[in-house]
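Every chain is named by a letter (A, B, C, D and E) in the order it is written, and numbering of its residues begins at 1.
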Amino acid sequence: MNAAHHAMTKPAMGARTVWSLFFHRLGAHRLAVGSAVFLAVLGVLAFATPAIEAVLGVDANLVDLSRRFQGPSRAHLLGTDELGRDLLVRLLYGGQVSLFVGIVAALASAVTGTVVGLLAGYYGGRLDAFLMRLTDGVIALPLLPLLIVLAALDLTKLGLPESVVQDPNISLYRIIVIISLVGWTTVARLVRAAALSVREMDYVLAATAAGAGGLRIMAVHILPNVISPIIVASTLSVGNVILLESVLSFLGLGIQPPIASWGNMLTGAQELIWSSPELAFYPGMLIFVTVIAFNFLGDGLQDAMDPRAIEG
Amino acid sequence: MSAAVSQGTAPLLEVRDLVKHFAIGGQGLFARSLGRVHALNGVSFAIGPGETLALVGESGCGKTTTARVIARLYRPDSGSVLFKGTDLAMLKGRKLKSARRALQMVFQDPYGSLNPRLPVSAIIGEPLVIHRLGTATERHHRVETMMVQVGLNPRDADHYPHQFSGGQRQRIAIARALVLEPELIIADEPLSALDVSIQSQILNLLKDIQEDRGLAFLFITHDLAVVDYFADRVAVMYLGHIVEIAPRAALFSTPRHPYSLALIDAIPVPGGGKRRLGTATAGDVPNPASPPSGCPFHPRCARATEVCRETMPALAGVPNQAEHQVACHHPLEDGALEGGAGPATGAPRQ
Amino acid sequence: MTRYVMGRLVESVIVLVIMSFVIYALIGLMPGDPIDLMIKSDPRLTPADAARLRAVYGLDKPLAERYLHWAMAALSGDFGHSRLYVQPVLDVMPGFLLNTFNLMGLTFVISIVIAVPVGVYAALRQHSAGDYAINLACFAGISVPIFWLALMLIIVFAVLIPVLPASGVSSVGGGGFLDRARHLVLPVVTLTIFSIGSYTRFMRASTIEVMRQDYIRTAFAKGASRNRVVVRHALRNALLPVVTIIALSFGTLFSGALITETMFAYPGMGKLIYDSIMGNDFNMALVALLFATLVTLLANLAADLAYAWLDPRISYSGGGGTPR
Amino acid sequence: MSSASQAPHGDLGPVLTVRDLEVTFPTARGPLRAVGGISYSIDPGRTLGVVGESGCGKSVSALAVLGLVPPPGQVTGGTIALGTLEVTAMDEGALPAIRGERVSMIFQEPMTALNPVLSVGQQIAEAWALHRAGTAADAREAALTMLERVRIPNPVERYANYPHQMSGGMRQRAMIAMALACGPELLIADEPTTALDVTIQAQIIELMMEMQAEFGMAIQFISHNLGVVSEIADDVMVMYAGHIVEMASTEQIFSNPRHPYTKALMETVPRLGARATRLPTIAGTVPDLLDLPPGCPFSDRCPLADEGCRQAAPTLDDLGGGHLAACFKSQEDGP
Amino acid sequence: MIAAMAGGLGLAACGEQKQDRHTLVIGMTQYPATLNPNIESMLAKTYVLAMTRRPFTHHDTDWNLVCALCETLPTLENGLAVRETLANGKQGVAVTYTIKQGATWGDGTPVTTKDVLFTYEVGKHPASGVADGELYRRILRIGVKDARTFTLHLDRLTFDYNAINSFQVLPAHIDRANFKDPKEYRKRTAYDSDSTNPGLYFGPYRITEKKIGSRIVLERNPTWWGKKPYFKKIVVRIIEKTAALEANLLSGSINYIAGELGLLLDQGIAFEKRHGKDFDIQFKPSLVYEHIDLNLENPFLKDRRVRTALILALDREELSSRLFDRRQPVADSFVHPLDWIHSKATPRYRYDPARAGRLLDAAGWAKRDSKGFRVNAKGRRLTFELMTTAGSRTRELVQQILQSQWRKAGIDIRIRNEPARVYFGETVTKRKFKAMAMFAWLSAPESVPRLTLHSSQITTAANNWSGQNYTSYKNPEVDKLLDAIEIELDRPKRRVLWARLQKLYARDLPVLPLFFRADPFIIPKWLKGIRPTGHQDPTTLWVEHWRAERP
């Protein structure tokens, strides 16, 4: 079997670079490609919202009480919400916020997790034991009190300038910080496990024997070889963060109005589910489809980055 | 025990009484280690400049550990590694880095020893970067030269390891080891992962390099046929001990340790006819976590007596052959190889 | 083995003690105290009342002193009184615990009972239409906001087709087995849909991995049928990593059902913890959170033991495996 | 078509007859023929050594005999018959009845080939129970007997051992016990000693020879090590790039190799006591099976190759005395 | 999953709930923490307890004070209340109540003055944990005439001298034992440790089952002296999420949603549109006063012109009509228009953007920045932080409308909301809100806003953050008026004082009045007799009049 496997894959790889192979494999994963395209379109739309807003001649935050709960019309393609605001544009802004929170929080978690995981995995011993117990602690940490404490912190006391604290987006940053503070554990564990195995690889030994220091080994030899699980985990966690944001909104700890996020739009619409189900349908569907798309993309990436496939 | 050095010149590398144990188990903050594996139990030998010493033994005998302790991938529990007069075992940080510049390693698995995310040029050039040698252009040039020397096409410098065959990869690994112009190369089973038809190519390459540059080699292998072809001297290891060390010819013509004989005996010879039943050495290699008392080979040895069970024999010179040392209470006499009186059919004693 | 378990238990106790202080401090650091809330709900309270009540509730002392006081009392078995439910916390918790146990236990069992065979099925027919559909369903389950799912289920199965109770633990005067079971259906389905996806995916991935192993080929080579190979040789090995993940998720399941419990007005631990935090029920929150932590730790331990039980290679008594 | 067997066995036909076997793996770059139409047979009680480098198709063709070609690979041509039973025509569901019963297999890495969560004894007992009617106690008894027969000391204790608790040699003995539990006619051994130390390798080779004497089964012994094959095999078959390039009795092959590849292979391996300054080598590398040269697959690396070799593939022909080789040059030269 | 669903349907098919016409299932959003009537006041508890017991006095649906547990409401006019001069020379009053004939605890023990004395003892004990200490402090002593009649000697004569709504009599024969250690009383009270003890209740119903956090079951109390209630059993179920509450109502697992603790107004309005023919939906304006407390220490808000401009720039009529279908009347001050003390002379701020603009111009906010917001001479933008409870949807909607309306006037509003626990526990109480805090007061008719307006009630660290004057409003005349109103017994004179107070309040604008909340009562057509009160006394005080008229 090994022999056959060998004979099968090695020549097939011959002329290809790692990336072309990666894209080839990803391309075979049709759902992942579809998801990537969907997310790209969504991203472009979300971040072009101000332009779309201008073209449609609507204002996402303009309350117009005479136009509440209107059905789709030429002026409002998807109709209006409970405050007479254009639903489409709010959904797009919500997407901007949800994607931003998701991506930034996932990135921040990934960075923290990678650093912790690399240190624990590469140095091992007491540092590893300490960092892993820390990770366990964070996992076991009750999220709720933490969220409430963080939501109540007086940020000026932390030395943040007034302009930051007064920023209308502060609730958004809070969410990102909170999620980053607790969300890094998965990546840390993955990276540690991967680093533990990569650490034993001969090429790491070779670099050590050549005199490379810990920093260089971690940066040049371990990190690039554990990047796949990081990318996969981060992709999946973008979806999770978007879901988590909606749950936080449900608990009243999410992003505060008038900033729209899919989470708070869905939570707000929940109570109107009987009279205006479409208000809940759109953000609910968008969350669902986006999260599922991130999951598919992550799945596709996982397949495409399968080290077995690359190593041959 | 002192190591015998061939030719009487100052050794390039001298290893003295290396001891290395590994703890087993023991995870968690409060867990204690549950036992120790005695990987090395006082290993001593020396390698002269330009000399090739082969370290032979079966899995678990400690040959790889020896290599890694010398390369300071592991820190020994005790003993010293004198390389060009400096004790590597004691060094740290920058001093260690510069001290071991002249000592490089080649690993067994050419698939695992090359970072799959780096192009070949970066792999070969890395030691230069680490030691901050030359400008980028100079390094580039040097890498190309090295590639030519090991028989690779410099145009492939931007390719990644997976685009090469096993043999080519091992050439890359050799180029990486050579780029710093070392005086000693530790080659840990450099052939065993390669196809048969490729092994000879790499073996020739190593031999050419050795001859061109006058390099010393610590050549680790389990294949005695390769040893016969490549080594100047041979050290046979068993369970963390060197049981016999001798010039190549002496070892193969007149092995003194029953284990050495067992190894030579076990090598299948192509075209040598069917195996004679009952000639294989009985018994398993013992678990290094619980080594037998006395001579580690005694449970498998037909010549073992009470003293073997109790006392570990010291490595001592064979009469009239100062360079031939053996650690055995009952060393073999001349002609054991032909006589077939070997250790052969010792019943398993467990 | 015993020594290992003892060691782990000691470790757990230490973690628990540390966590108890962390949790105590966290809750203590949260702004506001119960008296503030009381003032809010009763405008006639005077400053004197507030000070008096603070003293009555022992809230006028510094945090560390309060923690020590609490810890000493806890050691003697007195975990304090719930402020919200006006009963000793140990009297309040069992009811919630039982509800959670029913909800979680059932969800857990159903999820595993479904996820394991479905995951194996998908793994054996990798890239088939069935595998595709299962994957899609798994991702759908993982991706749906849970409160949304709960609401949809209520609308469909309690309002549009009124076949199931929309909420609660039991009906009035009912409370028989069947009645309780009916009330469990929707919350259990919600949580099952939510958790089953990841279990199935893990099982699938694990099975695919195991089916590539050499010993599977050996089993085929000695003449075992496909079913036998899967059941006897693949399953146990495939379950190994999944057991750990499942055991770990048990901890989160335990305290993580807040949303479902809220939507279905199902008084379980998640809700108890949330309400006691929000309602400043110091003792209740503390004990409930500690209990949740304990369950997580025990689940961890159970995972390791289950692993050892399933995998003879893991031996906690030492002297086992030989490194190369 | 000819047989590699030399010893006439009266009216008994070969245990295994493989004709024009072709195994193909679909790949992104087109079908990959891992085995490109090979024919051979093994007579009862004989040992056929199969030699070749990685990727030559020696393992895949062996797996095909048991119907175990790893997916997505498929047998795309030819027939395999065990005695008179044509395996390739059989239903998927009927194959388990043959595996372990009439033909067994042991593998290179006994650590991974044994199920880590079942005791060694259980696994041997299972092999017996799958094909023999009997109680669990009977199976256990059979397993204990087998453990004893493969010279494992303290069978009763060892029965309960898990694979990780055994040494490599013991594990391979257990594998052999499992393979022989039902007394198959054919044992396929795929590099069974490669992962073992030399002293243990010798023990396992001896054990297999003893077992053959006891059970009388035929052995197809796959190895890349010419020495090992030479010690155990009656006949040797050399494979290269999915094809048989030479097949003859062990003695013929080693004394008079006819195919340049076989010759080169023997010369490149360093031998004890044959110290030379340089080893002869085979130029180039094992070819890409998806991109084989049009003629003889070895033509790229063959020192003797000429235009004719590069245009047409030679067939495997009898050079006399049952010595078969697939080479234009060997036919020209003669022995 | 499919199997589970099928199983569920199977269960559903065999156990469909039978409708019991003598059982009423009420849904509400909050679980009463303690059931002890004197410890902590909480609407959910008041709601449930009103079915099981009665206070001596309460307000009726026309907002008049009436007797419930007493025979006659004592007044100075009928002689049951008598002025008396205290030892310190101040004016006090002695008020005599007689416990209603037939008032008997559920275990047959009559309600007597012993219980009254016990309640007083508990109430005035500093360690007992009773929430409302004020009333008990005012009672100097209690004179007992006989088993049913007693006289309260109060330390001052206020206009509401006879209102003892929060004097909730406790069963001495049960709870006295639990009061041995007063500090432990709040933990030991039988109301929580033995909630189903019939001896704790004397109202039309008694509690027979309590499932913590989930439901409370009440059954008829045989010792009830009044009209026999129609329903044999009343179940109060707790469902926090209003969407789920609605689903439960529609699915029939609850019959009625308590207006006091039920749907939000807009849900009620939407519900009426869809199910108006099956349900009788009443929107009762209530004494819940939604407003924005202004932090008067905020440099911008110190300026009364700015405060006036703020309210002039709001179109609250539009908000109320669009968002609340005009169900919630716009407030001009803290006094509800239906309250008799309401003064028509109070200045009313109609939407007047032009005047608001002029005021802001005059206050130095004439210039506009690039985004159209007003800036002062220093270039600082006219910006305020508006806070409220996070997750409270109606308030968040209102917030956004206000923000949008103010934006048109060039005022920049930053919204920052916090969970109730933090918001009320810290931010509001400790006056940490920077500019505006939106919340509501729930009060009784004619209640004196001493705590919220008197300068002595400004919350500070010194007074332990008690008091409720979060705006730090100081006006000596208001202080004087508050003192005077309390002791003015003459209604016409008091009306004049009230009018003046409202005028000052509306002029000074320490608070931006928004509107009075209306609660939607969603009553099935067959359920009769529920009359929303609109104040803090719940509808369940008349639960014995509720009945089903099913076809």
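Note that in this section a residue touches a chain if its C-beta (ideal position, glycine included) is under 8 Å from a C-beta of that chain, and two chains touch if they have at least 3 such contacts.
Keep in mind the model is a prediction, meaning the values are calculated, not measured.
The chains touching chain B as well as chain C are A, D.
Traced through touching neighbours, the fewest hops from chain A to chain C number 1.
Highest C-beta contact pair count among chain pairs: C-E. On a Cα centroid basis, the chain most remote from chain B in this structure is E.
Set against the C-alpha centre of chain D, every other chain centre is closer than that of E.
Chain C and chain E have Cα centroids lying 38 Å from one another. Between the Cα centres of chain D and chain E there is a gap of 89 Å. If you average the Cα atoms of chain C and of chain D, the two centres end up 53 Å apart. Residues of chain C found to touch two or more other chains are 30-31, 151, 155, 214, 217, 277-278, 320-321. Across the assembly, chain A contributes residues 1, 10, 14, 133, 148, 152, 251, 267, 270, 273 that each touch 2 or more other chains. Of all residues in chain B, those that touch two or more other chains are 28-29, 59, 165, 287. Within the complex, the chain B residues that touch chain D are 58-59, 165, 167-168, 195-201, 203-204, 207, 222-226, 228-230, 252, 262-275, 277-282, 284-285, 287, 348, 350. Only residues 28-29, 68, 71-73, 96-98, 100-101, 103-105, 107-109, 111-118, 123, 126-127, 130-131, 160, 162-163, 165, 173, 176, 180 of chain B touch chain A when the two sit together in their complex.
By the touch criterion stated above, chain D contacts chain C in their complex at residues 63, 66, 68, 70, 93, 96-101, 104-105, 107, 109, 112-119, 126-127, 130-131, 162, 164-165, 175, 178-179, 181-182. Chain contact summary for the complex, chain C toward chain E: residues 30-33, 36-57, 81, 83-88, 92, 95-96, 110, 114, 137, 151, 154-155, 157-159, 162-169, 171-174, 178-179, 181-182, 185-186, 188-189, 192-193, 196, 262-267, 271-272, 275, 277-280. Against chain A, the residues of chain C that register as touching in their complex are 15, 18-19, 22-23, 26-27, 29-31, 135, 139-140, 142-148, 151, 155, 214, 217, 251, 255, 258-259, 273-274, 277-278, 285, 289, 292-293, 296-297, 300.
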